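Labels run A, B and C following the written order; every chain starts at residue 1.
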Amino acid sequence: MGYKIKLDIFEGPFDLLFHLIEKNEIDIYDIPIAEITRQYLDYLYAMEQLDLEITSEFLVMAATLLSIKAKMLLPRQPQEDAEEEEGVDPREELVERLLEYKKYKQVAGYLERREKEAAKVYPREINVEEVAAAFADDNPLEGVELTDLLDALVQVMARVKEKEPFARITREEITIRDKVVQIQQELNRRKNGMLFSELFSKQASRVEIVVTFLALLELMRLGKVLARQSRNFGDIYLYALDADGGEA
Amino acid sequence: MLFSEELLGAMECLLFVAHEPLSVKRLAEILELKEAEVEELLDMLSGEYEKSGRGIQLVEVAGGYQVCTRPEFAAYVEKLYKPQTQALSRAALETLAIIAYKQPITRAEVEQIRGVKVDGVINTLMEKGLLEEVGRKEGPGRPILYGTSNKFLQHFGLKSLDELPDPEDFVAEAGDAETAVEEGESR
Amino acid sequence: MLFSEELLGAMECLLFVAHEPLSVKRLAEILELKEAEVEELLDMLSGEYEKSGRGIQLVEVAGGYQVCTRPEFAAYVEKLYKPQTQALSRAALETLAIIAYKQPITRAEVEQIRGVKVDGVINTLMEKGLLEEVGRKEGPGRPILYGTSNKFLQHFGLKSLDELPDPEDFVAEAGDAETAVEEGESR
């Protein structure tokens, strides 16, 4: 069973190769490829015996090792002309990759030590929501002044006005002519006059207000309506006038 | 206590990481001390935190002890956590303005004015407690009528809605000769 | 600094409630101080914590400062709470090591170096928040580029990526017969 635990450790073919190299105290730049290949294959065999899954990466490496071993066994062609081949060790690429891998394996070891140290140091666990909740009574209107609110209102209304050309087609009722008739009818109905402010309904849009005001001015110009105000800023009363200018 | 230095540190460490107040009993268990000894250590730690220039304090709460921030620095903590609360969006402000002046008003009526859907915005304003449901409109579907809340009034220091400035003043301003000309030109 | 007493307290308070390391810049913003002044305060606080009998310390990590427990009291903390952070697997450590040095890097490039598939490991590290997607590599399939996160630095108690040792140093060591033997023995 001890064997199995050991088998489990290896993270991949490189990891296993390293283990073999270190176990045999081999110089990585001069790997006895035949011996290492034998041990590597023994290991795969052991894995198989233990029903461990042998991933394809291990098999690819086995093939690579066998191919290198084969090349090493071939007698070196004493062709000094073939300079490119000369001096190229079949193990070279493998060694390069092993060294590259080793670099990070050692960094991993460094990280492992740092992790152990860092794990002994505990920060306070802060429940961000809980802390923020202490300030939950915060003011969603912070920085908003009354003038900002009015400004927003005016802007909305201005946008409504911009849309008016389209609205006018469907809302024929807000023409000055219609409003003139409407005001006359209202004043004729209320012989005792009415308040200026009553002309404007609470839901009146800005355009409606403007149209109403213009209609009223028109009626006054035509001498059909009289506006009276008893004092500055006081209520304005409107009265219908009959044809000859007297109060109806 | 001879051993106090190290145990004082251990106790501070425990109080520092604890998620909840630690009872004297619990501290005594972990530190393997008598409860009286723990109390002595607590006194020492508390004294340490009472020195000037400290931002934390030892508080006895819910049958235990807890290290907490000092209340006088709450404003700094708020600044640290504040960026999470966002200012009202333009859409929210406009919707709020319409409702403030036209209340009680239905969602559809607000949409009529703003020209866009306001479901999301109204929900947000409701969540923030700036709007309230104030009734149902008579008629098909009996839609909810919205109005502004007390929180809204309080923020602007208004006694009642009557104190809202008259939007007609703005209309009057718009009626100013200059503005009118400008507007006329912009048509 | 005349004002230091109160600001020292305020800073301790901030470090105490922050859920992540606070940079000097952030502290300077909140305390409305110059960065050099914050650094002076940090020195003062650190000195305070270095006195005997303390259980906490000021740690520079992940580009900021954080108040943490002292490592010598880890056993007490573990008595209070079971350690919640598990050590990373060998595969995770190797993968992180490669990404830390080679970032931004694709999964395939990591696999090339490790000689094994790393899908599962990378997913786990992403879930733990130790890795981040930092972009896409130009070219066929536009594969995701990975990098390490701030949490990575915190997990390993690193101030910044610069603190990682030069991997070339390890290569030099690798040529060193003695080191190799030692490492072989340490297995």
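Everything that follows uses one rule, which is that contacts are C-beta pairs under 8 Å (C-beta built on N, C-alpha and C of every residue); 3 or more make two chains touch, one makes a residue touch a chain.
Quick caveat, the model's predicted, so the values are computed rather than measured.
Comparing each chain's Cα centroid with the centroid of every protein Cα atom identifies chain A as the most central. Taking the CA centroid of subunit C as reference, the farthest chain centroid is that of B.
The largest tally of C-beta contacts between two chains is found for A-C. With centres defined as mean CA coordinates, subunit C is found 33 Å away from subunit B. As a whole-number value, the distance joining the C-alpha centres of subunit A and subunit C reads 25 Å.
Residue positions 16-18, 67, 69-70, 77 of subunit C each touch two or more of the other chains.
Counting partners per residue, subunit A has 122, 124, 128, 131 as the residues that reach two or more other chains. Put simply, subunit C touches subunit B in their complex at residues 4-6, 8-18, 22, 30-31, 44, 48, 52-56, 67, 69-70, 72-73, 76-77, 79-81.
Listing the residues of subunit C that touch subunit A in their complex gives 16-19, 57, 59, 66-71, 74, 77, 83, 85, 87-88, 90-91, 93-94, 96-98, 100-101, 113-117, 154-158, 164-165, 167-168, 170-171, 173-174, 177, 180-181, 183-184, 187. By the touch criterion given at the top, residues 9, 11-15, 19, 22-23, 25, 27-28, 55, 57, 61, 97, 99-112, 114-124, 126, 128, 131 of subunit A touch subunit C in their complex. Contact residues of subunit A toward subunit B in the complex are 122, 124-125, 128, 131-132, 134-135, 138-144, 146, 148-150, 152-157, 159-160, 163, 202-203, 205-206, 209-210, 213.
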